[in-house]
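You will see two complexes here that share chain A, one where it goes with chain B and one where it goes with chain C.
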Partner chain A sequence: MRVSSDQIEQLHRRFKQLSGDQPTIRKENFNSVPDLELNPIRAKIVRAFFDNRNLRKGPSGLAEEISFEDFLTIMSYFRPIDISMDEEQVEQCRKEKLRFLFHMYDSDSDGRITLEEYRNVVEELLSGNPHIEKESARSIADGAMMEAASVCVGQMEPDQVYEGITFEDFLKIWQGIDIETKMHVRFLNMETIAFCH
Partner chain B sequence: MVARGVRGPGWGLLLALALALAGLPRARGVEEEPGAHNSIEGFQVVTFKWHHVQDPYIIALWILVASLAKIAFHLSHKVTSVVPESALLIVLGLVLGGIVWAADHIASFTLTPTVFFFYLLPPIVLDAGYFMPNRLFFGNLGTILLYAVIGTVWNAATTGLSLYGVFLSGLMGDLQIGLLDFLLFGSLIAAVDPVAVLAVFEEVHVNEVLFIIVFGESLLNDAVTVVLYNVFESFVTLGGDKVTGVDCVKGIVSFFVVSLGGTLVGVLFAFLLSLVTRFTKHVRIIEPGFVFVISYLSYLTSEMLSLSAILAITFCGICCQKYVKANISEQSATTVRYTMKMLASGAETIIFMFLGISAVDPLIWTWNTAFVLLTLVFISVYRAIGVVLQTWVLNRYRMVQLELIDQVVMSYGGLRGAVAYALVVLLDEKKVKEKNLFVSTTIIVVFFTVIFQGLTIKPLVQWLKVKRSEHREPKLNEKLHGRAFDHILSAIEDISGQIGHNYLRDKWSNFDRKFLSKVLMRRSAQKSRDRILNVFHELNLKDAISYVAEGERRGSLAFIRSPSTDNMVNVDFSTPRPSTVEASVSYLLRENVSEVCLDMQSLEQRRRSIRDTEDMVTHHTLQQYLYKPRQEYKHLYSRHELTPTDDEKQDKEIFHRTMRKRLESFKSTKLGINQNKKAAKLYKRERAQKRRNSSIPNGKLPLESPLHNFTIKERDDLEFSDPEETQEDRSGGIEFLANVTRDTMADSSAGVDNPVFSPEEDAGVLARVPPWLSPGDTVVPSQRARVQIPCSPDHFRRLSPIRLSTKSTGGDPEPEEAPRARPPESTHM
Partner chain C sequence: MFLLLPFDSLIVNLLGISLTVLFTLLLVFIIVPAIFGVSFGIRKLYMKTLLKIFAWATLRMERGAKEKNHQLYKPYTNGIIAKDPTSLEEEIKEIRRSGSSKALDNTPEFELSDIFYFCRKGMETIMDDEVTKRFSAEELESWNLLSRTNYNFQYISLRLTVLWGLGVLIRYCFLLPLRIALAFTGISLLVVGTTMVGYLPSGRFKEFLSKHVHLMCYRICVRALTAIITYHDRKNRPRNGGLCVANHTSPIDVIILASDGYYAMVGQVHGGLLGVIQRAMVKACPHVWFERSEVKDRHLVAKRLTEHVQDKSKLPILIFPEGTCINNTSVMMFKKGSFEIGATVYPVAIKYDPQFGDAFWNSSKYGMVTYLLRMMTSWAIVCSVWYLPPMTREADEDAVHFANRVKSAIARQGGLVDLLWDGGLKREKVKDTFKEEQQKLYSKMIVGNHEDRSRS
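For the complex of A and B:
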């Protein structure tokens, strides 16, 4: 876990601000972030903060409240790749980031993104645009699912059923796609020092 | 670029040139008037008016020469893969210039700054701006700006000062140059040239971040170049001793005015352009014109206000692209795209060729070994140092680090080009005494960077294993996840209370959606304008088109239009045909089409062989009938309307249907549909059987299939009638399509007693009227299955109607990707 000390202090201040000087944050506290309101998938993102899988506290379920350490754990998913990391670590880092996204999609924690879940996410994603109807969002999700199936399974037997995207499949979909800029937050990159949590 | 003093010998020579390359103008002129000899005294029927057409004629000829040269280069793939085109063009220019010189002993054609800045540069820069990957550009804007501003100033200062230092040491001999002249020279030679960079980097394909940094720098450094150039030029005019501190401050202020002002002009014109294209619905044909005219006006306006014209037109392109692309029709968008590319690439070609030609003029050449060599050394070395220093600073803030190899490529990619040349030619000889030395040095520098560095950068990139850009097909998943990431990141920034890139982007896109788009986009465009939806559309369209194209390519009318062939046999032809032929044809066709379902490839082979043996008369008749409506269509001419061709219409039609059908099928998946499921099971069984032993008749098959056919046909009727009706008024092409379909249906309903016949017909109808539109909501067999194009399975996967189960993990027998992977299945269709 590497987040810089300055950053930690800053995040701690923010944490306190959000929690109202309490040691833990509850879901409702996030409502006080005004800019979040316009975010179409805010519910999912806030949920991710309380997801036990992301907090490494269990295979499923949601935490009621999170401490500052948990808050940092979540934030650390977004740390940039360090130059000093070797290839294995980079790969590990990438996997973690993708796992975070995967968990956000897989809302019932069964290790698969089912069509229903995927549709749900896509609908939310596109809900920002009032001109896109639910139906189109669904068809897009369906199309994406088919694409995923074709990437992951390739030729399928006629009676084979693609039940959903597993994490392995998810990695396959992301193969060859750079997430260097996509899953990193710049400010977490100042003078990285070791911070073991 | 042309005709500075083209009189007398000038055009004689051109004639000689033209003779070799484009035919003799004089001869042409005569040929055009056949009855020339019986002319009456006093009034000449034919007059030869060379001077009348001289200028445009020469321009046109040069363009032709340059374009022909481009064709010639590409005849040999080997040459163009090793040598960049720009280098080849310069060499060609040198050769042509040599010929001109040999014939004339006057350098008649040179690249003049006016032509360059007013006519050749704008299209290139506009092209760059209009197709700028905005997200990438703004994501790296800080880096780009640093390189463009600090980097250029650094290059100019160090090069100028170092040269001056060496001059003071006496190494260059006796020159009438002061410090300011050196700085002036440094400022014009410092800027990396967009034209050269584009020309070389487009062939190298480095990764996009690296490309955008080098290219963005070359575009944005224009403001710096302009300011530095103007400042030092006026300083030189003033004389060194009269320059005060106030002037220097003014210079710095003018930098901000020039750059920000240029940008502002560009943005304003972009706004205007977007607004105008919102209202061009009824003048589609001149729609593309607006894009060019208004952007060009932005260039001229900022030039008029002595702001940075390049910045203006770049930002005009960058800002308007989103709205313009949404507003104008698809055809106009294509027109804009191609015209822009054509103009840009043409201008680029001419620039490089004339750079070569301009070099052949002994009058401008003044050699000073020390000066020339040292300039070359200094610009390379200081560029490298500058890049390393700036990158060191930048890497502390950048998320994606610029590694050492990136820095090498960036230093090495600092090509100088025509901008420097045009600027140096602009110098006033009275003020700058050693103008000729500057000109010749600039030419050497340009040639060196474009030819030598251009030639070696590709091997260098390969040797260093620079990350290359890969061209991927857009993927729906990627786009969706990318969107999710965007939102997550901006949320994280919101939550942690920091203002970063994502925060700004998020706020901007909200602002854009709420206000800008509402003002600048058509209402209809606002609806469909979502990137993800676009990708979805694109993929769909691509599939549909490739599907149709594949059919056409295979040369089979049967593929897409075969149903009509079948029809034809039953339709009353006005052309009399021998009945025997008819019988045989129909028989063969029928047999074939029923096979279609099984194996398109073998069918095609068979069809081809049939074609060979078939009576040609019959075939002609068939084809005539098929293509007739198209031919009629083509006779229509209107200046104000471009009638889309049949193909286009059909592509569109297919696309619309796909979309509609998809949506429909989702609706139906929601409702439970047992019947379809049953049918699907039947399908599968049959399919499997068919596959296993397509030759061995299965007992069940004949029983089941006709039954299916009937139900399906009914549905067909229902489904087809509606869209067909609505679209009929649109065009003749579709009407034709509709008619045939109806014919087919009428025919089938008349009573089909032949189980072999009916499936084939259905398949036909489905194939010509896009198959994925076909019958049962869930039971739709993929068009692949129906016509089994031997093609990569991935190719058509998206076409097939989606039959995803709504149950999340349910054991629905119908796998989602079945359409893609489905083997030939639909005998009964």
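For the complex of A and C:
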């Protein structure tokens, strides 16, 4: 990951701040980030940090705690695309980022986003509004799932069951959306400020 | 058997006598002015000398760094990531639009891509957020010869090391014992003085004496910390029946404010030394001390404060509405309780100069005694106090709004960042209402579409 040593130092400081000067972070440590509470999919984001698939430690399951290297591994999914990268590298980068998002949806790690999992995500995103009943959230999820199915499989027979969105289908849905240019966190270009007193 | 040189005992005696004389002279030079409230200007001179030394030290380090061709100053960081200012709606629409396979009039209600915005925002806040930064000590841009603040500076030559060593010697062997002696004197005088005044019958004489005993002891404590305070706008000082409100950085705030004015304190009854001081103080004049169980009862607290404030003969109350110590770069949310009782509020802004010693009390890192020792082994504590003009709650204003107004005034005067966040976040979690706002916004977007569809 081409991040400068300055940036790594800052991320390390941030890591220490989150972990309370311990060598590893646990799920509870993310409670100390108040802005994160505003996020409706907070639970999924925190879970993504401990997901063994994202940490490249296994096909499923959650880690108990993560070290600084693991922290950097997760952060690397959000690195910006380098202009010096060739097409193959960009494609690889894109796949990695999309895989990260796929893992967010596919919570039971079976390689498919089922209707239940889809509904779960929509409900979380909409759960803050007291005026939306669970039924509406459900119907929204169902409608969206059907659209996704039509993109992936085309016209379905009336009794054909759609098992779920696989990663290949997922990639198909995201075709045309330049996710790799949007899914990144940019470091500030630091300039020294004149020392005035 | 050891050989004693014939004049050895003479030297020891001379040393002992000269040290005692020196100490007594110093005590006299410091305590006597404190009693009468005058100042010889010794501390200001001390401060100027220190500044010159720091400037010289910084120059040496710059030169040293230039010779080695390295960058000395760490880049000024106000955050490590660039946050996009686009709103929720714009960004989600943009992503949907770029998924060009769908016809534009057939806008779907929910897209797989919608999750992306929240995911990225979440990542950004994990990497860098506003609030947690406020709770660690402010980082300096020059070195003040204290090793505890030496975060970024490594280019220290021999001369600087010698200077630093000298500094350590002076601070720990000369200043520290002196300060401890002064603090001891101050506190014991306070306890003894207020107890004695307590035996007098109530009246003008008792009040006069009580005021001066309090002021004198606080002034001694100020000198015990070598606090160099500049007061601005003293004409706005709080009057009887008012409420004095200030931002909170450390327990020293109390000493700083109380050495310039006669206040009634509010607080919880403690055990130990602090409890002894509290009990003694309340004999001389009415302070408001709460038992631990009473603190939780907000109505009781409000009632007692209101009673105190309505009695015009009683002193102005000193209160810190943030509820906890903040690191003096910002002002956090003021708790509304003190603003509900309807008294005139006299806001006070306190800003410490971190160059001489960091006054912030990180209560999760240091205990009280460690903190006081750190304070007493710094060079000095330099701060500015601004007395702002009094404010009252307007007719149609609610307590929260009034509290925010006072807070903004204090933040603006002290040059601190005005934050909406609750200082209590240092220990607790965010209330659920904040999370709901964000979710409501997103769901309005989605359901808005849904309703249009079902209507047509």
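Remarks
Here is the rule we go by: the second predicted complex is superposed on the first by the 178 of 197 C-alpha atoms of A that agree within 3 Å, B and C clash if a C-alpha of one lies under 4 Å from a C-alpha of the other, contacts with A are read in each partner's own complex, and residues count from 1 in each chain.
As a convention for this text, a residue touches a chain if its C-beta (ideal position, glycine included) is under 8 Å from a C-beta of that chain, and two chains touch if they have at least 3 such contacts.
Just so we're clear, the structure is a prediction, and the values are computed from it rather than from any experiment.
Partners chain B and chain C clash in the overlay (superposition on chain A).
In the superposed model, A:Asn52 lies in contact with neither chain B nor chain C. When both complexes are overlaid on chain A, the residue A:Ser109 reaches neither chain B nor chain C. In the superposed model, A:Ser32 lies in contact with chain C only, and not with chain B.
Of the two partner chains placed around the shared chain by superposition, chain B is the only one that A:Arg138 touches, whereas chain C remains out of contact.
Looking at the shared chain after the overlay, A:Gln175 reaches chain C, while chain B stays out of its contact range. Touch criterion met: A:Glu117 reaches chain B, while chain C stays clear of it. By the document's definition of touching, neither partner reaches A:Ser67: not chain B, not chain C.
Looking at the shared chain after the overlay, A:Thr24 reaches neither chain B nor chain C.
Within the three-chain superposition, the chain C stretch that clashes with chain B turns out to be 95-103, the only such case among 41-49, 95-103, 149-157 or 167-175. Applying the stated touch rule to the two superposed structures, the overlap between the chain B and chain C interfaces on chain A comprises residues 10-11, 14, 17-18, 30, 33, 35-36, 38-42, 45, 75, 78, 101, 104, 121-122, 125-126, 128-129, 131-132, 136, 140-141, 143-144, 147-148, 151, 173-174, 176-177, 179, 182-183, 185-187.
Those residues of chain B that touch chain A in the shared complex are 139, 397, 399-401, 470, 472, 475-478, 480-498, 500-503, 506-507, 510, 513, 526-530, 532-533, 536, 539, 659, 662-663, 666-667, 684, 687-688, 793-794, 797-798, 802, 804-809, 811-818, 820-823. In the complex of the two chains, the chain A residues touching chain B come out as 10-11, 14, 17-18, 30, 33, 35-36, 38-42, 45, 75, 78, 80, 83, 101, 104, 110, 112, 114-117, 121-122, 125-126, 128-129, 131-132, 135-136, 138-151, 153, 155-164, 173-174, 176-177, 179-187, 189. For chain C in complex with chain A, the touching residues are 71, 73, 75-77, 79-82, 95, 98-101, 108-116, 118-132, 136, 141-142, 421, 425, 429-430, 434-440, 442-444, 446-447, 450.
Residue ranges of chain A in contact with chain C, taken from their complex: 6-7, 10-11, 14, 17-18, 30-42, 44-45, 75, 78, 101, 104-105, 121-122, 125-129, 131-132, 136, 140-141, 143-144, 147-148, 151, 170, 173-179, 182-183, 185-188, 190-193, 195, 197.
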